[in-house]
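Read from first to last, the chains carry the letters A, B, C, D, E and F; within each, the first residue is number 1.
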Amino acid sequence: MGAELLLQNVLNPPVLMFLLGLGAVLLKTELEIPQPLPKLFSLYLLIAIGLHGGYELSKSGITADVLKVLLLAMLMAIAVPIYAFFILRLKLDVYNAVAISATYGSISAVTFITAGSFLNSIGVSYGGYMVAAMTLMESPAIIIGLVMLCLFAKRNSDRINWAEVFREAFLNPSVYILMGTLIIGFLTGEKGWKAMDPLFGVLFKGMLAFFLLDMGILAGRRIGEIRKVGVFLIAFGILLPIFNAMVAILLAKTFALAKGDAFMFSVLCASASYIAVPAAMRLSVPEANPSLYVTLSLAVTFPFNIAVGIPLYYSVTNTLWG
Amino acid sequence: MGAELLLQNVLNPPVLMFLLGLGAVLLKTELEIPQPLPKLFSLYLLIAIGLHGGYELSKSGITADVLKVLLLAMLMAIAVPIYAFFILRLKLDVYNAVAISATYGSISAVTFITAGSFLNSIGVSYGGYMVAAMTLMESPAIIIGLVMLCLFAKRNSDRINWAEVFREAFLNPSVYILMGTLIIGFLTGEKGWKAMDPLFGVLFKGMLAFFLLDMGILAGRRIGEIRKVGVFLIAFGILLPIFNAMVAILLAKTFALAKGDAFMFSVLCASASYIAVPAAMRLSVPEANPSLYVTLSLAVTFPFNIAVGIPLYYSVTNTLWG
Amino acid sequence: MGAELLLQNVLNPPVLMFLLGLGAVLLKTELEIPQPLPKLFSLYLLIAIGLHGGYELSKSGITADVLKVLLLAMLMAIAVPIYAFFILRLKLDVYNAVAISATYGSISAVTFITAGSFLNSIGVSYGGYMVAAMTLMESPAIIIGLVMLCLFAKRNSDRINWAEVFREAFLNPSVYILMGTLIIGFLTGEKGWKAMDPLFGVLFKGMLAFFLLDMGILAGRRIGEIRKVGVFLIAFGILLPIFNAMVAILLAKTFALAKGDAFMFSVLCASASYIAVPAAMRLSVPEANPSLYVTLSLAVTFPFNIAVGIPLYYSVTNTLWG
Amino acid sequence: MKKVEIVVDSVYLSRALEILEKSQVSGYTVVRDVLGKGERGLMRGDELADVFKNSYLFTVCDEETALKIAEEIKPLLKKAGGICLLSDVVWVPH
Amino acid sequence: MKKVEIVVDSVYLSRALEILEKSQVSGYTVVRDVLGKGERGLMRGDELADVFKNSYLFTVCDEETALKIAEEIKPLLKKAGGICLLSDVVWVPH
Amino acid sequence: MKKVEIVVDSVYLSRALEILEKSQVSGYTVVRDVLGKGERGLMRGDELADVFKNSYLFTVCDEETALKIAEEIKPLLKKAGGICLLSDVVWVPH
């Protein structure tokens, strides 16, 4: 990975805004973006990515190539939480291993968006169906995690309420809104997008930058807890994403995905959830410590991906695809 | 009404976003747009519609034709709550009849806006003074309702405080902001609008879609209460709007309004308030049950107008104007 | 100052929105922009002005002329609170004199922005480094105020915690975000601004108008307290800004600043803080009465500057520069 | 001292505060936007109008004032719904 | 009458309310989004998910119901954290 | 057990919490952004700065700790305004 690629990634308003938010906490400035403003931004980003993805999908249609990508996405969404679980069990109890592996099996929409914005800035494109792939990848890890829990934990009382688990997995707000706007974008096509573009397209990068300021603040607040997380987990939070990305890139190469799609796929596999999965885990696995899985995902993996991971995965992809 | 007109209306991002919000509640997804974000959107829409209406008015000037429209608006704003009251008295007590008739005598700005966006998408225009007509139509129903209360209810203690009622009617936030921005738009004309257009014009449809997501959620939450409302009121909530719209269209034809104006006028008469009037009624007629008037307006009439009413009234107007 | 200049300033959507907000309170309409929406707008404006200023600075570079402006800004930021303090001591105790002089020694970003928008509308430009000057002028008054407190007050217990004071002065959220986005704008230059422009440039005037509606409401709520403030302080709140502006204009003339820069510099010196400094004073000088300094700054000086000060300072500058 | 706690529909908050002011309490504290359920059904607070939203407020005063407030707030609570509670507290002077 | 006050993790609010409903209290009041600190550490409420956020709720009921609620809420608080307090209040009838 | 309730200007919230931490309470709960009126006038909480805004917090602890907190919070309340209340509660163990 060339230094200039790293610099090109970092010298971008969104990434710098993230660092600004981080610095605000480290310098104790009392800067905050009070609730529910972060919810406004995260809703906006989900709607925007969904509508745009749906629109792109309506242009490309649902081809065999698209289905191939979706299948690969599904495969990784099932495989990652399984192997992550066994790695984590080396050092952690079942509950925390379940929660963390589910977190890493799922994805982070903002990481995906930032990667898209990076790709865009260097003039490479990717298919709108990648948003569909992302939506598909949000939920399975939750189910896999709880299956692991049933297999390996000895909880007799208070058995898992599977109906609720499936609702949490497939109908949590993030998945629902992404899925819904993807369909709306698909149904309303060109004409619909033209009406939505001024808000959900043109303003996108600015809103991303604004939101990353808040992500920086949230990550900063968790940084104090990184020490408590321990060296094993910190290493896990950096190495697993790299490993996942490499597996994804190899898979993508094997199945002849386009370069942009391969890169976005690797980012999806490398990213970890900090909204949907933690909420589900807090409810279904209260024995696990949320400080662990939220801190790891938000204060270790997210910044790593944003700053270093994205250019790294890109340079690997670029080398392989040429 | 052709099926394709209905489809054209429904296959629009704003209407689909409304359905998405509705579905979020029916599927129990826990999606919500927390306060005060809905206030941000409703404020935005009021300001946008006011500024734009004022600008259009500054172009057309206040002509005899404009005054004609305003007079018709005034007429309907007084007539509707009176005949609605007597229809409602067939089944309801005085208090609830007052509250519901006031609700239907007033208007819904979001229904108006959605109709404008529909008209826009099929390439028909309407006069900026329709916004002035809308503003005029918000308040009278509140006064009429309370006059009805005085005439027909036997409350001795705790008499109505008319000063407060007039303030509630003419200086409630919605009326005030609409009136104020209408004047600002009028005064600052072309130049003012050019500065405001990027935020309050270009982004308008996207913001409407965003807000309708929330309206769908709110309507969805009330749907469980529809059964409690009873068949009579549900029929009322659908038939009265249709009736009002038809009266409006006939009036508009008689007084030779332009096609776009006639349609927008019919939408105003068909729509029911769910912000300004409920707030006023809660304060002035605490004996009435807010679950009735809010549910009816928000969960029956609003969705009906958005999905079916708008294309229906348009197709009637279109037939008559050709 | 010609009447038409005054009119041109007032007949602008932002200023009219301020009046609309003011009227909303005076007419008791219950219009409000609930928290944290005002925080959203103020954050937006700070980020926008910072990014844009940094971008402009990256175009002009940091020249000797720029350094000259920054030095002048520093000078005034130190001088104003000192002479303001001695004027205030004629009538007030040490604590209130400290708090008010710090308030007037610092600046108001929204006044600066409104002036910029005014300048823009009459086709005069100013340098991006003026934003850097503004950032520099926020903090010193807080330090100077507390130095005055040490020199002239006899508090033995509970001595000033200077570390905390410096943090409050230089790392309060406003200063931090302005400084940070200025640097981001500078580092990312042309390319960065192109990505941020749709949100932080194009929408700027509309957002300013929206925010000024809220400022009008806040100012209106304080108007009832103006009487309690007393004639001396009201006169101070109008005359000191005029005096500061004149000193600034003379300095600017002496050091041969460009016309637009001179005007913006006069506005900075004339404006008073109502966010950063009041928060710092509430913490460091609890003996001072916040009703005094907030009311004076928000309900006297801010409206005066917005409505009358800006065209007044401009007409003086215009006469001198020709 | 007595603590008087009141939950009232948000549209009637200003009326409730007027009653406190008239009884010359030395102060009060208000939490706007609380949710609740009572006779009049669920107050989720999610409507666009301020209908269906409660406010929670309390004031600390001597027993006599507390009873006076309780008496004077009754008609409002009867009309608009809500609850009024009294309990014992010690107010730490400063 | 007894006032039962409960602080519970926001993700478990609906479970806590279910317990109240089942005990047939006449009503309850909820303040969403309160912060706190306890055994499970700081709940600043600033995360994007509703993790790390508490809700505070209270209900007024007779002693028997109060004790029943206290008993039934125990397993939830044990599992998810939180506190439950009982105190005496006078409910002013209207 | 004792419940200690404190209303304090929001800019001084962190100082108040420091006092609680120092007294080694087992936890506390905070409602940010409450409004109020007292000696220092109306706190509407609508300013851009955090001036004019209160926070309400409570902690449950044994009597001794409660009295210690009441003592240590006095200077802060004297300087910055606010109130401190003590009352009896039963903490349901879990």
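Operating definition for what follows: contacts are C-beta pairs under 8 Å (C-beta built on N, C-alpha and C of every residue); 3 or more make two chains touch, one makes a residue touch a chain.
It should be emphasised that the depicted structure is a prediction, and the values quoted were computed from it without experimental measurement.
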### Query
From chain C, how many touching-chain steps at minimum until you land on chain D?
2
### Query
So chain D and chain E: same face meeting same face, with over half the numbers shared, or different?
different
### Task
Specify the angle of rotation obtained when superposing chain E on chain F by their C-alpha atoms, rounded to a multiple of 5 degrees.
120
### Query
Greatest Cα-centroid separation from chain A: which chain?
D
#### Entry: Chain whose Cα centroid lies at the greatest distance from that of chain B
F
### Centre distance in Å when chain B and chain C are each reduced to the mean of their C-alpha atoms
41
### Query
So how far apart, in whole Å, are chain D and chain F when each is placed at the average of its C-alpha atoms?
20
### Summary
CA centroids of chain C and chain E: separation to the nearest Å works out as 46
## Note on the structure
Check: chain D positions touching at least 2 other chains come out as 31, 87-88
### Summary
Residues in chain C with touches to at least two other chains are numbered 32, 35-36, 39-40, 203
## Note on the structure
Every touching pair of chains is listed here as A-B, A-C, A-E, B-C, B-D, C-F, D-E, D-F, E-F
### Query
Along chain F, where are the residues that touch chain C in the complex?
9, 11-12, 33, 41, 44-52, 79-80
#### Entry: Residues of chain A defined as touching chain B within the complex
35-36, 39-40, 43-44, 47, 51, 167, 171-173, 176-177, 180-181, 184, 187-188, 191-192, 195-196, 198-200, 203
### Message
If we count contacts the way the header does, which residues on chain D are in touch with chain F in the complex?
### Response
3, 26-32, 60, 87-92, 94
### Query
Can you list the chain F residues touching chain D in their complex?
5, 7, 31, 34-39, 54, 56, 70, 73-74, 77-78, 83-88
#### Entry: Residues on chain C engaged by chain F in the complex (per definition of touch)
32, 35, 38-39, 42, 158, 217-218, 221, 274-276, 278-279, 282-283, 286, 290-291, 294, 298
